[in-house]
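Same chain, two partners: subunit A is paired with subunit B first, then with subunit C.
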Partner chain A sequence: MGYTLNFNLIWRHFDKLWGGLLLSLELAVISIAIGIVIGLVLAVWYVSAGRVVRSIIAAYVEFIRNVPLILLVYLVFYGLPTVVDIAYSAPTSFVATLSLYSGAYLVEVFRSGLEAVPRGQLDAGKAIGLTPWQRLIHVRLPTMLRITLPALSNTFLSLFKDTSVASVISVPELTYGAQWINFNTFRIVEVYLVTTAMYLLTGYVLLFALRLVERRFRAAR
Partner chain B sequence: MSDASNAALLDVRDVSKAFGTVEVLRAVSLEVKRGEVVTIIGPSGSGKTTLLRCVNFLESYDSGSIRIDGKEVGYRDAGTRQRRSERDLAAMRAETGMVFQSFNLFPHLTAAGNIMLGLRKVRGKSEAEARKIAEHWLGRVGLAHKADSLPAELSGGQQQRVGIARAVAMEPKILLLDEITSALDPELVGEVLAVVRSLAEDGMTMLMVTHEMAFARDASSRIVFMADGGVSAVGPPAEILATEASNERLRSFLARFRASHF
Partner chain C sequence: MLSQILYALPFLAEGFAVTLWVSLLVVVLSLVAGVVLGVGLVYGPAPARLAVRIFSDTIRGIPILVLIFFVYYGLPAVGLHLQSFWAAVLALTLFKTAQVVEYLRGAVGSIPKGQSEAAMAIGLTFRQRLAYVIFPQAFRRFLPPWINGVTDAVKGSALVSLLGITDLMQAINQVIGRTYEAMPLYILGALVYFAVNYALSLASRRLEQRFSFIRE
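Presenting the complex of A and B:
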């Protein structure tokens, strides 16, 4: 093996990776935030709706879950603007895609959480005279959140990693930065080692933070 | 004046209900007057809990009428069978308190928080007012020192006492108690029943389902015996719980009950 590791070129272009990581985080945070709204609204709607609405929501979830993310990214970025008269930047397009994507997964997480709230708690809410809306806000959602927190952490983490797919439409996030350095320096091993370490480290920090939140909530159970 | 106090506070008339093809309530009628403690006993599956849940419309019923203070429960009026709006139902339920077999405290709220939720959101009390009322009732059930404990930090008996405080703090016209000691370890039953007894002494109107016969005998104004979804016998405790009861079903229920509990 005549290959010697040389990280000098990587450090010279490290701003590409660092900037990429920040953009990855930004894409993840915005998409997950929108995804949470989509997921919550649809999950609450689902558990209280009739069969038609349920099948529409289920169809959305099934569609998203059965199509690879990369294909959805292509569809929204290249496909949609050729059919409809809209224009958007690659990052915006990706955020839209990942939001819809995370929304579908979060609907499932929230729906199962809502359905897992013990019936007795809802009865207790009714019995003291809370309206349906008040029962949702003050009884059902808080308990649902406790039930779903572990699943939520996992979903958040995998959505963060999914931001790497944005590289295929040239969004300069972390993976794209790594590719750029690779193409320009040919230090493929070094750049992907460093990039892997950056994903790993960020993932651990996120997971640690989420576990702290979980523990706080579990203590309050 | 005497008219109002003599009229039944709770008036259940010919209430029937079926789950699919299973008739759980068959033309049940009963009355509870202001200040009365009425106990429902009977074998499991006789419809006791369902009846109780119909009184605050946690369950709908198919026919008949239930009135509290003259006001039809659940439906706009007995004739039309038109369900009340959710807002109406909520307002109506706020007038009846309910204590559950499995406590059903809100796990994310402290003991005081459980009591305050209804006071704040339904009664529109301020935080400070609600807290004061919560503390008062926690004191009444002997848990003043547990105001800031979460349900998970309380024993079953303590949780149930919070459940009672949560219900009575709303100042309901009638309190519904659904087998409130059935999920408790035997040594914790006494502390919960003591609270119920003190409420009865205060004149709280109560309708309760229980398997605690000794308590039913001591605390009830009247006992209703239900079997197969219908009222099989009604009367003062001494009469209903007498071993020589004339009602065949009641006699065999009590015999089986005594055999398994003593």
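Presenting the complex of A and C:
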């Protein structure tokens, strides 16, 4: 024991943490935006598709959900460029990975949301003469989004935490910043205390904001 | 490619054994700690409830990776020297314990209050109430999410590779470092993780269906 806390060095390098936090948020926001598109398209496709397409989508979902994120990150960043002729920076590669990752979780969320849209609403849409496409855009998706909003914000919060894995391919997000300070100043306990507080605070602020949005758009019961 | 995979297999098998060993330790230790803390959260006095709540919310609010680094680098700094293996197990156990606490709270909370009151009315002590009335019923709600959550322990164990522990993930990276065959090995590793975790998810779904006859 006998460890004396000294936060001076942390504040001196605080830009590493602050910049890291902003990058973490950016990675999470871009990834969930792409993930939402993937999830929506596949979920809508899934509910109207035949058996073959369904099993392909299910295979994607189950594969992503049952493999560690760190392995997917390595696979996309170190593995993929060896077999396909592509080159990308570490942040781009991570966003691609996290988008596919969140897409897999969101397919499930949206699929169950689509199934939860009351049958009567779709029939009502049909009764007033909407085409199937109009029913999807104006009736089914808006109701489904309201139903899935809480699950959506939980996914976003956990994605925000998952961005820490980007540090393994040297993306300078919050965890990477913490490690940098850890290795360069050895104020180990301090830097992780501050990092923990930053993740917690940001998480709570996001949670609070998302709950407000949820309340605004809550599905009528 | 095939010869390289054959070359890699013994290394991967060794790493896989470490992955399973870490996961098993974490699952067992966190089950014990989580049930104790969970009972504390539901039935304990206010200070104990507050302490468990803060513990659980803090752990669940930060990335596992930060928790792992905190424990691994932080403990020696304050004079506690653990082997990296045990530091990793400790960090993952803390993370998993917080999950178990929440599963337990959910499961016990789903048992109608009348059950506890009836048990009290016939004069059962607190321990008897838990052992004969609450836990047998809560068990069915606890088991499916808990088994499903074991996949989190297996997936989380891949992060211990960052502490230089040769688990499956690290074994894959080491073999790639020697053979430069990245893609086949990552896919092979992914399939191994997938096989383990998918089996667990299936088991969890089965159990959920089996217990689905219970209604409030």
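In this text, the second predicted complex is superposed on the first by the 218 of 221 C-alpha atoms of A that agree within 3 Å, B and C clash if a C-alpha of one lies under 4 Å from a C-alpha of the other, contacts with A are read in each partner's own complex, and residues count from 1 in each chain.
The definition used in the following text is that a residue touches a chain if its C-beta (ideal position, glycine included) is under 8 Å from a C-beta of that chain, and two chains touch if they have at least 3 such contacts.
Because the structure is predicted, anything quoted here is derived from the model rather than measured.
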Quiz item: So, does A:5 touch the first partner subunit B, the second partner subunit C, both, or neither?
Solution: neither
Quiz item: Between subunit B (first) and subunit C (second), which does A:80 come into contact with in this model arrangement: first, second, both, or neither?
Solution: second
Practice problem: Using the superposition on chain A described above, determine whether A:52 touches subunit B (first), subunit C (second), both, or neither. | Solution: neither
Exercise. Identify the partner contact of A:142: answer first if only subunit B is touched, second if only subunit C is, both if each is, neither if none is.
Key: first
Practice problem: Could you figure out whether subunit B or subunit C reaches more residues of subunit A? | Solution: C
Quiz item: Touching A:132 in the superposition: subunit B (first), subunit C (second), both, neither?
Solution: first
Quiz item: For subunit C, which residues are in contact with subunit A within the complex?
Solution: 58, 61-66, 69-70, 73-74, 77-79, 151, 154-159, 161-162, 169, 172-173, 176, 182-183, 186-187, 189-190, 193-194, 197-198, 201
Quiz item: Can you list the subunit A residues touching subunit C in their complex?
Solution: 1-3, 62-63, 65-72, 74-75, 78-80, 82-83, 161-165, 167-168, 175, 178-179, 182, 186, 188-189, 192, 195-196, 199-200, 203-204
Quiz prompt | Interface residues, subunit B side, partner subunit A - complex | solution = 56, 58, 86-87, 89-98, 100, 102, 104-108, 117-118, 121-122, 150, 152, 163, 166-167, 170
Exercise. Can you check the complex and tell me which residues of subunit A touch subunit B?
Key: 118, 120-121, 123-132, 134, 138-139, 142-143, 146, 220-221
